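Labels run A, B and C following the written order; every chain starts at residue 1.
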């Protein structure tokens, strides 16, 4: 006699995952149908099936390019984050610097990437260095702003405690300010991770010997849209993955802070 | 829960790891010292004839035979190649003749053409055949596109065809021939060796107007160097040019093989037939009375003056002396030691 | 360790009125002193001065005859506030152990963090994080943290005010047990009159700014204190009167009828 299994109720997270995937598949299907029915030529808008085929047929090229771009983005992100944290620490120790530092930071942030990138290429060549620098420039600002808040907005009762312990500013930094600012670092990372990807791509447009951005530019100037979109698909997927990784890391490392 | 010090170590380790994994320069094997030279193609890898000359010369060992160790780079397309040449980071690059004259005038870049590969320019205009337009006079009352700033050859073309400039609507378009097929523009500015292939592959027939057919002087791509390098290392330049011209010659004899070589520099997004088309079109325009007499890349005062006069007439070039914009010296040196 | 205050005066910078003025006080070692007064009268300021969180504008603080400076306070004085001030990324054990990191001259801790947590009744919760502990339990951790420092003076600024009645009573009993075992000098700020009579040897009533000692009442009830003891109520009344008097009022009830 067959055993009857009790139906397991769907958990909230399973449901939301299903909805997400449902939406993605739905959008892609609508796209595919639209292109076929409307007889849209591939040089205007390629169908997802064509894009996927292109991606698979040139997998090694795309993988190589992705590695280069992601390497640049991640290294730039790491450096930008470290620089942001360091400057925030500096300003915390010497509050007089805050105004000057923030003005400079805003200046850098406001300068459009597309203006800086070619200059860096001329100074530093076509290797990975300019890409990493540009990515770092793009990502340090959200980190700086967030971490500054995190380092400084400590509840007075905690500060009193450490003050009563006669803690010096380094102990205060290590035991109190830095761990307190960790949630803020992750809030900044959620913003700066996609920025890092964009930074690396834009940097490659203005001078690269390899990478996904360069692939995109070459594909566009050949009006080879399937190739262009294949690169975009990879970028979108990478962006989603990175966001997931960041959120997971946040859950582990910042377990005490519930961000809504 | 991860300790903070471990987190710090992890971060430092990741930086080291990523830096270590970046591609580094390959180890050099001990060989007799060759002169290093960087050639930067003025645009992305494709079958423009000066690029092909360098690609073939490198592949076939012509550079090596001249004792040159040539690195081939490509400009991302925003004029960096000229800046890098002026800054001495690159020794030879390519440039369209008209732009070379303009950049010499403003901002005064010290550029010199050592060879005029494109004896005629590739700038042309196209409309869909179904539009029914036959001569540029038919452009009156239509939307005509231009890239960047309205080019002098456009006005010269209209003038030569007897069309009234004021009756033509001009609009700035970027690189996008799709504008033509979608009807957003009636006449589109293109390079003869490039966009027509794309348009035909999409199934469209086009009518092409070449400024040269209307007696308007145009010149094509050149090999460019800086005035200082010309002064200081003419022999190195001669060796480069000799090998590159040999490469062009080889490509003219073996176009199929040349396309295969080009494909090594482009990626999978490039169509080999497109490259073949580009090569053959440019090979045609690389030949003239002058080259039949003196060889690939020869250039004369008359050619350059005609171009300069036309540019001046349409106010894109001040009245300048173009004697130093080009030189046949390197061409002669390249020929002599053969 | 005994505490001696001489002419203690404190003004916040850019303020005209001093918070404390010319306060002179002697507290013998091991005494449980409660400081009571209207909100804002300067009780917390006094405690913060003793803890080294503020510096006197004038006057002197001496511990066991030695004028206190920054360094000497660490082993002498322990601070506990109304908010438990636990680091949320550390477990109860780690929070308590953190205090030991700041014991600078290498004196061995009075007891291990585990023992301190056991003594405050949290033996089963050593590896819990603060967000999994109730308010009362968090204050117990703060108390254990204070314990482990082995200080001879405990400065406590309304530590149980935010807790409910029952928890407050339990914690007060725990505190009394600890006090009777280790005999530190305790300075306890509160505005809970019953609590004060139940716990303290001596009650100081502070007047509003500039704060002066309006009343200094010794409580001579036997321990453990019983609310039903006849003199308990007397102390409460006396205390209440002193409080209102210190604030320039006769008793509240009198004011009602004096129209």
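The working rule: contacts are C-beta pairs under 8 Å (C-beta built on N, C-alpha and C of every residue); 3 or more make two chains touch, one makes a residue touch a chain.
Since we're looking at a predicted model, the values are computed, not measured.
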| item | value |
| --- | --- |
| Which of A-B and A-C has more C-beta pairs touching across its chains | A-B |
| Per-chain Cα centre nearest the global Cα centre, belonging to chain | A |
| Interchain centroid distance [CA atoms averaged], subunit B/subunit C, Å | 84 |
| Centre distance in Å when subunit A and subunit B are each reduced to the mean of their C-alpha atoms | 37 |
| Length of the line joining the C-alpha centres of subunit A and subunit C, rounded to whole Å | 50 |
| Touching two or more other chains - residue numbers and ranges from subunit C | 89 |
| In subunit A, residues with contacts to at least two other chains | 179, 255 |
| Residues of subunit B whose C-beta touches two or more other chains | 1 |
| Interfacial residue positions of subunit C with respect to subunit A in the complex | 48, 51-53, 70-71, 73-74, 77-79, 81-83, 85, 87-89, 98-99, 101-102, 104, 129-131 |
| Residues of subunit A defined as touching subunit B within the complex | 41, 43-44, 57-58, 61, 71, 74-75, 78-79, 82, 118, 121-122, 125-126, 128, 174, 178-179, 205-209, 215, 217-219, 221-224, 227-228, 252-253, 255 |
| Residues on subunit B engaged by subunit A in the complex (per definition of touch) | 1-2, 4, 7, 11, 14-15, 18-19, 21-23, 44-45, 73, 76-78, 80, 83-84, 87, 89, 175-178, 182, 198, 202, 266-271, 274 |
| Partner subunit C, residues of subunit A touching it in the complex | 155, 157-158, 160-161, 163-167, 171, 175-176, 179, 182, 255-257 |
